[in-house]
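First up is the structure itself, then whatever we jot down about it.
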Amino acid sequence: MDDADWTQSRARLPRPVVTLLTDFGLSDPFVGVMKGVALGECPTATFVDITHDIEPQGLRAAAFWLGQAYAWFPAGTVHLAVVDPGVGTARRAIVACAGGHCFVAPDNGLLEVVRRREPALRARVIDSAKLGLPVPSRTFHGRDLFAPVAGRLAAGTVPFDDVGPEIELGDSALVPEPRRGERTAEGQVVVADRFGNLVTNLDGLPASALATATVRVLGRTVRVVGTYGDLARGECGAVVGSFGQLEVVVREGSAARDLGAKPGTPVLVDW
Amino acid sequence: MDDADWTQSRARLPRPVVTLLTDFGLSDPFVGVMKGVALGECPTATFVDITHDIEPQGLRAAAFWLGQAYAWFPAGTVHLAVVDPGVGTARRAIVACAGGHCFVAPDNGLLEVVRRREPALRARVIDSAKLGLPVPSRTFHGRDLFAPVAGRLAAGTVPFDDVGPEIELGDSALVPEPRRGERTAEGQVVVADRFGNLVTNLDGLPASALATATVRVLGRTVRVVGTYGDLARGECGAVVGSFGQLEVVVREGSAARDLGAKPGTPVLVDW
Amino acid sequence: MDDADWTQSRARLPRPVVTLLTDFGLSDPFVGVMKGVALGECPTATFVDITHDIEPQGLRAAAFWLGQAYAWFPAGTVHLAVVDPGVGTARRAIVACAGGHCFVAPDNGLLEVVRRREPALRARVIDSAKLGLPVPSRTFHGRDLFAPVAGRLAAGTVPFDDVGPEIELGDSALVPEPRRGERTAEGQVVVADRFGNLVTNLDGLPASALATATVRVLGRTVRVVGTYGDLARGECGAVVGSFGQLEVVVREGSAARDLGAKPGTPVLVDW
């Protein structure tokens, strides 16, 4: 049972680990006070920020990055993910476990990619009253609900089974899957990273294909290479990026800027 | 005695906690080297950043955010706050304790809101010579004075009473209090957060009033709602924000941008 | 032997300390997943970010800042530094030790200033196969090679001697030294910090000279002062900055903006 995986792994960690992913930015104290509250419940926690620079309400990018990042952390980690445009409305607040990892988040699609990778994901809705949590503010459930629950889970003071009733996660369609043909795949740009690399949803391309593959985006055709150094300075190409997704890149430049591509821009691969 | 509260709470923490708030940004190594120095004095410290994105010399925003954030951390925490336009001039460097919390900061108004919330705040000026600290650089007391003192306090190697002579904090008027009438209050914008929400100094509004209250700012009149979801997309309104202050917001937009409001802009509430 | 200094110091630290310096920014999960991987190898590590805001491929600024920052951390610290334009090409991946500090980085000049300050620096190339590390991705050696090696070094599970064969570091000329005369020195701007202060490579100026020294940059002549408060608001001058380098500054302004100076701009001091 996947929550048993997480439960046992958590107990074996020398120190609890809590990751954070939000759209709060780092300019205001929101992330800091979430950590303060989590420390109150779990005084020995180590915090690692995945990112807080998701654009406001950017559920697509958040779901994508959480899905790429979580498995690089030790089994037993608690992932506190709060991108929550529906705060204060009827959306559910949940805890979900799979593959040795535990997620505390709103049920709004944020776990869509995690769920795709962990079909055995099990979720429970947070029963605040049962957990003795005070009524949260209307606007900052990250601090008032998600952070203390993450802290208690990380500390082991609340077992997954005591969080609340088991539920099925809601459906979402934030991060589409590519359409795959025999020697072709059609996907799209999901996010641009800090370097302007266009990260697509095109994963799982056969290695044998990559040597001859071409990529079409916004009227351009570029070749697939092994790494940035295989391109000339300023040349546009495609690489299999570090998370296994095809990326459109410009060596020592910015593909996002040069191509004017954005999340949703179609990208086609043929080989 | 409030420093006894902090002293006892600190001793009970499984691990020392040190928060940091500065205007140094995260692009340069200034914050990192402060943590390095604090680790030298307190090798088991957990650090939590409150924010480092205060605009340079932004004492008003810094005093406001420190005052909102500190109490969300466990009792026993040491708060290292350095927004220090007067570095190298005659301003005093101090340690202050109240309510289970300890603050290491310049005496320049940075603790103004903390002091308003903790009337029993007691302060001591840092006696560097007595503490055996080397002469600090002229420009980086965060690293040379405040960080090592914060580290020693967090580690328990220097008790509050040994920091230096007790003093009265200087007066400051960075974060004004609202003017309150029978069914009205007049305040101002203090800061804009990352989302463009205009956070005001209007706190403590009676809950019964909020259902009928209207808010006037820059010629506009908006209603007070419970949360963002109660507004239409793009609609401007006011909410009681997560720190108890009235905020002028635009749902899935930016009130700061749409209204052109800035810190100091007057905001009136009637009910 | 300098690696013995580091080895012994590491063993004496109550908790392992790992610093990070990259050009990855904090908007994407790259830094977070490096920490996740390092935690997998060293579950009790404390992480401190030096900076992740080096401009992409900014080896000069990275080498400069790493050289200024490392020694402020406790002896025994592991510094994980990844600015790696040559990722996936023939550049070597190394571990180097000196002065109680251990560095895990590409051999591309990133350690140039460290090496200048620590002439006894010894380096070994990372033997991935010997260490049992899986084949890394082509584009993210920070996560696949440098982070796990840093984690193992910090945990003490791999001694420096077992990293791989000893080598001489390659030559580089990223951060030039000033030209020094009897009563003059000619240097250049290396980086601009967040405040717009122009940090130069002019260090080691005699204290007695500073009272009468003048500084010439881009056609302007300014005086050297003790600290910002010695200048009028908006006045341009020079100070010995917190890392011992001469800096051209504007009190409560930005010298970078006001002067239009950039990295490489010549700066002359006469006294």
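Order of writing sets the chain letters: A, B and C. Residues in each chain are counted from 1.
By our rule, a contact is a pair of C-beta atoms (placed from the backbone, for glycine too) under 8 Å apart; a residue touches a chain by one contact, two chains touch by 3 or more.
Since the model is a prediction, treat every value here as computed from it, not as a measurement.
Rotation angle, chain A onto chain C, C-alpha superposition: 120 degrees, expressed as a multiple of 5. Of all residue numbers seen at the chain B-chain C contact, under half occur in both copies; the interface is built from largely non-matching residues. The centroid of the Cα atoms in chain B and the matching centroid in chain C are 31 Å apart. In chain C, the residues touching two or more other chains are 26, 46. Put simply, chain B touches chain A in their complex at residues 13-15, 17, 19, 21, 26, 46, 48-53, 65, 68-69, 72-74, 77, 193-195, 226-230, 239-242, 252. Those residues of chain A lying in contact with chain B across their complex are 24-33, 35-37, 39-40, 43-47, 56-57, 85-89, 137-140, 143-144.
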